[in-house]
Amino acid sequence: MKRIPIGIPGFDELIQGGIPVGANVLIMGSPMTGKTTMAMQFIYKGLTVGDAGIFISTNETAESVKDKMISFGWDTTPYEREGIMKYVDCYGMMVDSKLSDTPSIKRIPSLLAFTSMSVVLSDLCSQFWKLEKTIRIAFDSVSSLLMYANPEAVIRFLHVLLGRFKMVRAVSMLILEEGMHEKTVETTLQQLSDGTFRLAMKGKERTLTCLGLIATRCLNREVPIEITERGIAIKE
Amino acid sequence: MKRIPIGIPGFDELIQGGIPVGANVLIMGSPMTGKTTMAMQFIYKGLTVGDAGIFISTNETAESVKDKMISFGWDTTPYEREGIMKYVDCYGMMVDSKLSDTPSIKRIPSLLAFTSMSVVLSDLCSQFWKLEKTIRIAFDSVSSLLMYANPEAVIRFLHVLLGRFKMVRAVSMLILEEGMHEKTVETTLQQLSDGTFRLAMKGKERTLTCLGLIATRCLNREVPIEITERGIAIKE
Amino acid sequence: MKRIPIGIPGFDELIQGGIPVGANVLIMGSPMTGKTTMAMQFIYKGLTVGDAGIFISTNETAESVKDKMISFGWDTTPYEREGIMKYVDCYGMMVDSKLSDTPSIKRIPSLLAFTSMSVVLSDLCSQFWKLEKTIRIAFDSVSSLLMYANPEAVIRFLHVLLGRFKMVRAVSMLILEEGMHEKTVETTLQQLSDGTFRLAMKGKERTLTCLGLIATRCLNREVPIEITERGIAIKE
Amino acid sequence: MKRIPIGIPGFDELIQGGIPVGANVLIMGSPMTGKTTMAMQFIYKGLTVGDAGIFISTNETAESVKDKMISFGWDTTPYEREGIMKYVDCYGMMVDSKLSDTPSIKRIPSLLAFTSMSVVLSDLCSQFWKLEKTIRIAFDSVSSLLMYANPEAVIRFLHVLLGRFKMVRAVSMLILEEGMHEKTVETTLQQLSDGTFRLAMKGKERTLTCLGLIATRCLNREVPIEITERGIAIKE
Amino acid sequence: MKRIPIGIPGFDELIQGGIPVGANVLIMGSPMTGKTTMAMQFIYKGLTVGDAGIFISTNETAESVKDKMISFGWDTTPYEREGIMKYVDCYGMMVDSKLSDTPSIKRIPSLLAFTSMSVVLSDLCSQFWKLEKTIRIAFDSVSSLLMYANPEAVIRFLHVLLGRFKMVRAVSMLILEEGMHEKTVETTLQQLSDGTFRLAMKGKERTLTCLGLIATRCLNREVPIEITERGIAIKE
Amino acid sequence: MKRIPIGIPGFDELIQGGIPVGANVLIMGSPMTGKTTMAMQFIYKGLTVGDAGIFISTNETAESVKDKMISFGWDTTPYEREGIMKYVDCYGMMVDSKLSDTPSIKRIPSLLAFTSMSVVLSDLCSQFWKLEKTIRIAFDSVSSLLMYANPEAVIRFLHVLLGRFKMVRAVSMLILEEGMHEKTVETTLQQLSDGTFRLAMKGKERTLTCLGLIATRCLNREVPIEITERGIAIKE
C-alpha cells in the first residue's frame, strides 16, 4: 500500500511511513494548537516530492495563507508556476467582493456556495488526475462550514465530496475545531474519516496524537512536539 | 427452526448454529471495529452454501465493496453470473452521476430516494423468492440514512422494509455506528430488530458479542476475535 | 368489584383475582421480555371463559400474530368462527397493499390512520357490548404509534380511545417498550393508565411486577416467571 | 381573614383553619396518591356548610366523577337540585359526542376549547357570586390541559382564569401530576398559586404536606394520612 | 452621586445610602419571599420624600395592589390626588374587559401589548420629568412577561425600555421569580441591570442580599430581615 | 511585528508590548468586572499616541459612553475635532428616534441593522486607512447582538466583519458577557479571535488574565488589578 509522508520527521515513521493513498483524515484541536501549520506543512512536503497540492481556506484569503507559509520558509510560488499548487479561497470574496481569480487562486463567492465549491474542487482534482499526480488536499476548516450551514447539510456535502476525493486517490486533511460543535457532529465526522489526529497544548507542552488511521497500527500515544520556525517537529 | 450460519467458525456454534431464518439483526460498533467485514463475510458464506445475497452500500460504490471483498479472497463474480448475488449501490451516483446499472449492480440515485430503494429491494427479494432461495441481505449502513433523513423517517422506512424482508424469510444484517446517534434512536432500532451483535476494540483486543437474538440462548459474552486475511475468526 | 383473570396461574391470585373490569393497564419491558406473549395469553384466557377479544397489532400482520399464538397452543380459529375474536391489523397493508379484510381481521391502511383505528375499534366494542360480553383488548404496541406520530398526538388519541374502552367496561392491555421514549412520555402514559405491569429479564432470570393497579393492594414485588411452551408461568 | 376548611379533620387545624378565601392552591402528587379524592372531599365539605361547588373534570365524565363521590358517601344530588353544585365536564363529549348538558352538568366540547371553558366558568362564578355564596372549585386536572396545548398557552389561560376566580373570592384547587411535566412548568404553576399541597405514597405509607400557603404559617411537615371509605383522614 | 433610599432602615446604610439615581435593579427570589412588598415599600418611601412613583402590575389589578399597600399602612391616595403616583395595570383588562382608566390608573389591554406599555410608560416618565421629579418605578413582574412572550422578545423590550428609564434618570425595580426561567435568561437580565438584590427564606429565616450594585461597595452579605405589619425591616 | 499597547502600564509588558497589529481580541468577564473600562482605556491610549479610534456601543448612547470616559479623565473632544475619533451608536435611536448623526457620532437605527453597521464601519475603516493611521476598534458588546439575532447570524456577521478589520490592519476588542451564552457560542467566538482576555472579580479582588494571544508567549496568569479614577492599573 502506497503511503504519503506528512512531512513531520520522526512522526511519519510512527505511522508506518505516512497516510495511505486515498485516505482522508481529520485534524482536531483547540485554537492555536497548530492545526493550520500541520496542514500547510503537509501540502508543502508534497510539493517538494512532486505531489500536487490544493489548499482550501475558509477563514482567511489565499494571499494570507500564502504569507503564513512563506513565514515558515514554504514558498509555493515555483509550484504555482508549475501548475501543481492551487488555492481555493472561500473567504476573500465575502470580505472584499472585488477580489478575483488568479492562475493559482480560485475564489468561491461565499461559504454557503457548496455547489460552487464542489465543481471547482472536482475540476482541480480531475486536472491533477490526468497529470497522474498524487493529490494532497487541505481543508481549513470544516468548523467554518458549520458556522454557515446546519450540521446535516455539511455532513451530506462532505459525505459526497470525500467520495470524489477518494475516486482520484487524493489524500485529504480536514481541520476541525474541538469544543465548538455538538459531540454527535464530531463523532459523525470521525466516522466519515479514515483517520483522526489530535493536536493539543497543556501549558507550554504541545502534543500530536494519532487516534486511529486506516490500515495502520496506530499507537494512540501522545507524541511531544514543538512548533519551530521550520514547522512542526518531534521533540527529543 | 432453520438457522443460517454467519460464517465465523466457532461463533456460529455459540449461537446454536446461526441466525434464525426470517430474522433481522443489528451490527453495532465504533469505526474500524470490523462491521463491514462481518457483513461481507456473512454474504459470501451464503453464496458458498447456495443462498442468494444482496449487499446495500451507502458509503462507497458497489465496485469498491467488491474490491474489498476480493482483498479477503471473497470474489463474488461467479455468483453474479449465476444471478444470485446483487449489489444495491446507494452512493455511487451521488459521487459520479454518469455511473449506471450493470446486470449485478442496481444504482439508487440518492440516499434520500427511499421509495426507489424500497422498490428495488422488493423486486430483488421477490425474484430470489421465486427461485426458492434463502436470501441474505447486508445494509451498510443505517447510520448513513440517518445523515440524510430525520430519525423518524428512517425508522418508519425500516419498520416497513424489515416487514417485507420478513415476508420472504430473508435474513438481514443492518450496520449501525455506535455513538453517532441519540440513545433513543439506538434503542428504537434495537426494538425493530430480532437481535443485536456488537463489535468492539480495546487497544489491540477485538471482541464480538451477541447482545440478544430471537429464539436463541445467547450468552451475552464478549468473544475475542481477530481480523485475518480471510476475515473475522475466533481467537484461540 | 368484578375482576378479570390475566390467565397466569398464581399471579392472578397476587392481584386479588385479576384486573378490575373497565381498567386499562400498561405492560412495560425491554425487548424480548415477554410482553407480546403476556398480551396473547390474556386474550386467549378470555376466550376460554367466554369473553370477547380484540388484538391490535402494529409490528406484524394479524396472520403472524395468530401463528405465534398457535405455537403456544392458543388457536383462536373456533372463537373467530363464533365471532368473539377479532384482529385489528395496523401493519399488514403498509408492507403489502394487496392484503384485505377477512371476517375476523380488520386492516387499517397505515399506523398514521388514527381516525380509522378509532372508528374500527369503537364499532367492534359496541358490537361486543350488545352481545353483553366482557371485552378484552390488547394493543401491541403503543411504541409503534410513537414512531409514526409525535407524543402529543398519540397521547391525545389514547386519552380519548381509553375513555371509549372504559364506557363499554373493556379491560385493555397496552404494550410499551422501555427505554425507547422520553421519560415524561412514559410518565404521562402511566398517568393515563389504571395500572402498570413490568416484565424484566436479568441474565436468564425473568420477572413480572405489578407496579400499581387501581382498587388493588398490589405488592410491588418482582415475581420470578418463566416462559414455557404454554406461555408465562410463575416459577416455583 | 376568612378561612375555608378543606374537610380533613385534624389537618385543617394545622393550617390555621383552612385555605384563605380568594386563594388558589395546587395539589401535586404521583398517580394514585389521592389527589382526586382530596378535591372531591373539599367540594363536598363545602356543600355541607352552605358553600357552592364546581367540579371540572378533564379525564372522566361528570357522571363518573359523581359515581366516585357516591362511593365515598358524598352524594351531591340534593345540592344539585338546590342549584349550588355544578359539574363542568371537559371530557365526555370527546368520547361520546351525543352527550349533552343537564341542569347540573355543563359539557365542554373539547379540552382545547379554552374560550368555551372560560365562558362557562365565568358564568357559573357570577351566578354563585350573586347568590352571595362562597365558591369552591376543583380542577382535575391541569395535567390534562398540558396534554392538549403547549405549556405557554395553558399558563396564560390559567393566569387569567385564576384572576377571575379571585375576583369572586373563590377558593380553587388545581390538580397537577408530578413527574409528567418539565420542572420549569411546575415552578411556574407554583408561582401562579397561593399555596401548594403534596400527596405522596412510600410503600404503604401515605402523607400530605403543605409546602406553602398564603398568609399561613405552614409547617412544611409530612402528615401521615390514610384513605378510608369516608375519604382522607389523618392517621393517629 | 445622588442616591435614593429604598426605605428599609438599616439596609440603605449598608449600600451607601440607597440606589444611585438612573440605575435599574433586579429583585430576585422564590415565591412568597417578599419581592412585591419590597417594591411597594420602595415606591411608598419615595412618595413620602417627594419622589414620583409608578407601579406596573402584571399579576393583579391596580386596585388589588393598592389594597395590599393599604394593609401595610401605605395609602397612596393623597399622592394620587397630587398627581405623583400612577398605577399601570397590565392585568385587569385581561380578567375583566369592562375595566377602564382612572386619573391615576392606566390600563394596558394585554400583557402582549408591549408597544402600548412602552408608550404609556414613556408618557408618564416625560410628564414627571417635566415636573423635575425623581422617578421611582416598580415592575411586578418580568416573570409574567416571560409567560406571554419568548425570552428574546422580552429582553429586547427591556433593553430599550430600561434605556428610556435611564434617560429620565428614573430608578427602577424589576421583579423576577427565581427557578422559573432558563439560567441564561436570568444571567441576561442581570447583565441588563445595574444591580441585583435577592430575597430568600430558609425555614422561617428571611434574608435580603445585595449581589452587586453599580458604583457601590456592596458586601454580598445575607442580611436577616423580617416582614412586619409595616413592611420589611432588618432583624436585630 | 508591530504591537499596540493596551494602555495598562505593567500589563502591556507581560504580553510583549501589546496586541499585534491586525489582531482582534475578545474581552470576557461577568457584569461589572471592568470590560467597558478596559475598552475605553484602550481607545484613549491610542488617541494619545496618534492612532485612530472607533467605539461601537450597543447598550448606551455615544453621549453616555463619552461621559463615562470623561469621568476617567479621558476626554475625546480634541481628537474628535481632529477627525480621528468616531463613535458608532447602535443604541440611541432605539431609545429616542429623534437622535441624529454628528460629525463624530454615527447612529445605526437598530441592533438588527447588520448591513448598516457593516457599511458604516467599512467606510470609517477605509477613511482612517487612507490617513495611514493605525486603527483601534472597541465593540461593546457582542452580547447585545446575541440578544437581537440568533447566534448563527451574529457569528457569520463577525466572521466577515473581522476579516474587513484585518484587511486594514485594525486592532479590535470585542466585549463578551460570560455566562450569558451557550458554551458552544463562546467557544466559536474564541475561535474567531486572535486572543482572549478575561476580567474577573472574587470578593473585592479583581484580576485580568491573558488566556491566549497570537504570536505572543502569554503566561495565562491571573494578574491582580484595581480600577482607579484613572482606569485599570496593575496592583503592586
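For reference, chains read A, B, C, D, E and F in written order, and residue numbers begin at 1 within each chain.
The criterion applied here is as follows: a contact is a pair of C-beta atoms (placed from the backbone, for glycine too) under 8 Å apart; a residue touches a chain by one contact, two chains touch by 3 or more.
All values derive from a computational prediction rather than experimental measurement.
*Asks:* Stepping chain to touching chain, what's the minimum from chain A to chain C?
*Replies:* Counted as steps through touching chains, the separation is 2.
*Asks:* Could you name all chains that are in contact with chain A and with chain E at the same time?
*Replies:* F
*Asks:* More than half overlap in residue numbers between the two sides of the chain A-chain B interface, or less? Answer same or different.
*Replies:* different
*Asks:* What is the distance, in whole Å, between the centres of chain A and chain F, each centre taken as the mean of its C-alpha atoms?
*Replies:* Going by mean C-alpha positions, chain A sits 33 Å from chain F.
*Asks:* For chain B and chain F, what's the span in angstrom between their mean Cα positions?
*Replies:* Each chain reduced to its C-alpha mean, chain B and chain F end up 57 Å apart.
*Asks:* Centroid of chain C to centroid of chain F, CA atoms only: how many Å?
*Replies:* Roughly 66 Å, centre to centre.
*Asks:* Listing for chain D: what residues touch at least two other chains?
*Replies:* none
*Asks:* Connecting every touching chain pair, does the picture come out as line, ring, star, complete or other?
*Replies:* ring
*Asks:* Mind pulling up the chain C residues that touch chain B in the complex?
*Replies:* 31-32, 59-60, 91, 94-96, 143-144, 147-148, 177, 179-182, 203
*Asks:* Going by the contact rule set out above, which residues of chain D touch chain E in the complex?
*Replies:* 152, 155-156, 159-160, 163-164, 166-167, 184, 187-188, 190-191, 212, 214
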